[in-house]
Amino acid sequence: MAYEIVLEQFAGPLDLLLHLIQKHELDIFDIPIATVTEQYLAYLSAMEELSLEVASEFVVMAATLLAIKSRMLLPRPSKEAEEGADDTDPREELVQQLLEYQRCKWAAEQLRERGVLQSNVFSRPPLDLRPYAPNEPPPVEGVSLWDLVDAFRKLLLRVPTEERVAEIQGQVLSVDDEMDKLLYRMRILKKSTFFELIQNTRSRHALVTSFLALLELMKAHLVRCTQVLAFGDIQIVLVEKGEEGEEEL
Amino acid sequence: MSMTGALEAVLFAAGSEGMTLDEIAEVLQLSVDETKAVCQELQQSYQERDSGIELVELGGMWQLVTKPEYAVYLRKMATAPISTHLSHAALEVLAIVAYRQPISRIEIEAIRGVQSDRAIQTLVHRQLIAEVGRQEAPGRPILYGTTTTFLQTFGLRSLEDLPPLPEEPEVPQDLSLFQLTPALPRD
Amino acid sequence: MSMTGALEAVLFAAGSEGMTLDEIAEVLQLSVDETKAVCQELQQSYQERDSGIELVELGGMWQLVTKPEYAVYLRKMATAPISTHLSHAALEVLAIVAYRQPISRIEIEAIRGVQSDRAIQTLVHRQLIAEVGRQEAPGRPILYGTTTTFLQTFGLRSLEDLPPLPEEPEVPQDLSLFQLTPALPRD
C-alpha cells in the first residue's frame, strides 16, 4: 500500500491536519476536535510503526490538540455570568493557522505549476561579442585578491550545509526502547512526576521520544496520568496489573 | 534593415539574461517609449507567424526564448535549463516569501508549523530569495524577499503578476475545502 | 507548431556551436533529406522578412547568426561602456574558476546555484578566463581556466600564489539539531 509514501509527503503537522480534515470532509470552521485528535495520534503512531522519524513539531501539535480538546470539555462560562470573559472558541487560533497554511499551500501549487510551464522555455548563451569590439577591453581595476577570496568565502556560506561535507553523528532513539525504559523506572517508582521521570534526558530529541513513549504507555493503559492543578506537574501512576510487575522487581 | 530586425539581432546576441528597456534603448538609439513600441511590434510578429521563438519580459528583462510547445524537441538536447525542481518544503517557503515579503525565518516557520531553515538555505543558494533587510527586533533577524531570478524562474514580469491569494475573512462557512484548494496531489 | 518553428527553436537553443544536419535530424526525428528541406525553408523565410537573424551553414554546421547589416548595433553592445570593475556575480565566478579550474559552466552553476553564462561571457570578454579544453562528456562542454591577464590583474606570479582557502566552515560536531535552531513559538 501507498501508506508510507503518503506519510512522508506531509510537510508538517498542519499539512497532516489539513489532510485529515479534507479526507473526512470535515468543516474547518467547526472541527470535531476529539475525532481529529484521535486520527492525528493514530497517524503519529503509524509513522512510528513504520520507523519514520517523527519531527518534534508533530508532537507539539499533538499536545496542542489535546490541550484544545480538554479546554473544549470545560464548561463554558454563561454569558451573563462573566462579561468579557474569555469565551473564545479554543479552536479559533488553530483554525486561523490552518487557513493561513492552506493559502500557503495554494500559493505553492501556483508556483509549482508556473515553474513547470517556465521549464518548457529555453534560452541561449549570450553571443561572444569580442569580434565586434574594436579595442581590448580596459583592464579591470578596483578588485583585489582579497575581494576574490572573500567572494569565494561568502559563496561557501551560501551553499546549503547538506552539500558541504560534514560528519553528523546519528543517535537512533526508538520509542519502543524508551517505553521499556520508562516502564522499568515506573515499576520502581510506582508514582512519579513527568519531570522526575525524564530528568536524565539530555537532548530535545530524546525528550520527544520519551514523551511519545509516555503517550504510548498511556494508550496501552500501562500508566495513568493525572494533573491536580492546571499547569501543575503531571503525576504518572503505574497501572498495576496483577503480579507481573512485582516479579520483575 | 528595420527596427524590429535590429531588436531581434540585439536580443539574440544578449541571450539568456536579456536586456532592460533602458539598455535596449541605448543600443538602438531610441527613446524608451519607442523601444517599448518596437518590442511590442516584435512580440506581435512572433505571434503571427510559425516562429520557434518569442519575446518575453521577465523580471524587467526582455529576452528571446523558445516557445513552450517546442520543449519536446529541446529536451533531447543537452542544454536543458537549470532545473527548477524544488522540494515541497522549499516551494511552500518560497510561496510564503513571495506573498508576505519581507519576512523573517521565525514568521515563515509560524505559518508552516515546521522548522524551515534548510528550505530557506536552499532558496538562498538558488538565489530565489535573498536577504532584503533586518527586522527591528531582538537579534535583528534577517528579512527575506524574492529576487529577479525568482521572477525569471517562474515566468513573472513583476510581483504584481502573482495570482491574488484567496481572501480570508470572506470565506463562506459552507464552502468546502475542495473548492478552496484546487487538485492537491493527495489521496 | 511547425517543423520550421521546431528547427528555429532547436537552433536558437543550440547556441553558437551550431549543429550538423545529422544532429538536427536526430532531434527533429526526420530523415536527413527532410531536415535539409526544412533548413532551406527556414533560410528562405528569414530572407523574406525583416528578421535580425538568419540561418547559415558553416563548415557543415548549421547555425543561427545575426544578419551582417545589424553588426553596427552589436558593435554598440560590445563597446557599451565597460566598467573597470567586476560585478558581484562575475567576481564569484572568477573565484570559482581560479580555485577549481579547469571547470565547466555546468559545474560552476552547480556551485553557485544559478545560471552563470552571462558572468562567464563577461569574464571571457575581459580575458580573465578562457577556454582551456573540453570535457569528455556529452556535448563536450568547454572547460574554463584563468589567464595571464588574470594573474597580472591580481598581482600573482603564478596560480600557486593564490591564498589558500579557509577550510570548509566548521560545523560543530556535537551540536544537536535542536540546539542549532531555537524552539518554535508555540504555546
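Labels A, B and C are assigned to the chains in the order they are written; within every chain, residues are numbered from 1.
The working rule: contacts are C-beta pairs under 8 Å (C-beta built on N, C-alpha and C of every residue); 3 or more make two chains touch, one makes a residue touch a chain.
This is a predicted model, so every value here is computed, not measured.
Colleague: Please identify the chain lying most centrally, where each chain is represented by the average of its Cα atoms.
Modeller: Of all chains shown, the one whose C-alpha centre lies nearest the global C-alpha mean is B.
Colleague: Could you find the chain whose CA centre sits the greatest distance from that of chain B?
Modeller: Of all the other chains, the one whose centre lies farthest from chain B is A.
Colleague: Roughly how many whole angstrom separate the Cα centroids of chain A and chain B?
Modeller: Going by mean C-alpha positions, chain A sits 30 Å from chain B.
Colleague: For chain A and chain C, what's the span in angstrom between their mean Cα positions?
Modeller: Those two chain centres are 42 Å apart.
Colleague: Quick one: report the Å distance separating chain B from chain C, using the average Cα coordinate of each chain.
Modeller: 21
Colleague: Name the residues of chain A that each touch 2 or more other chains.
Modeller: 57, 122-127, 129, 158-159, 161 - these are the residues of chain A that touch more than one other chain.
Colleague: Using the touch rule from the top of the page, what residues of chain B touch 2 or more other chains?
Modeller: 12-17, 64, 66-67, 69, 74, 79, 81, 113, 115, 125
Colleague: Touching residues of chain B toward chain A in the complex: what are they?
Modeller: It is residues 12-17, 56, 63-69, 71, 74, 79-81, 83-84, 86, 88-89, 91-92, 94-96, 98-99, 111-115, 118, 121-122, 124-125, 153-156, 162-163, 165-166, 168, 171, 173, 176-178, 180-182, 184, 186-187 of chain B that touch chain A.
Colleague: Quick check on the complex: what are the chain A residues that touch chain C?
Modeller: Residues 56-57, 60, 64, 67, 122-130, 132-145, 147-149, 151-159, 161, 164-167, 169, 203-205.
Colleague: Under the definition above, what is the set of chain B residues touching chain C in their complex?
Modeller: Contact set of chain B toward chain C: 1-2, 4-10, 12-17, 23, 26-29, 45, 49-53, 64, 66-67, 69-70, 73-74, 76-79, 81-82, 106, 109-110, 113, 115, 117, 125-127, 149.
Colleague: Residues of chain A touching chain B in their complex?
Modeller: Residues 2, 6, 9, 11-15, 18-19, 21-23, 25, 27-29, 55, 57, 61, 97, 99-112, 114-127, 129, 158-163.
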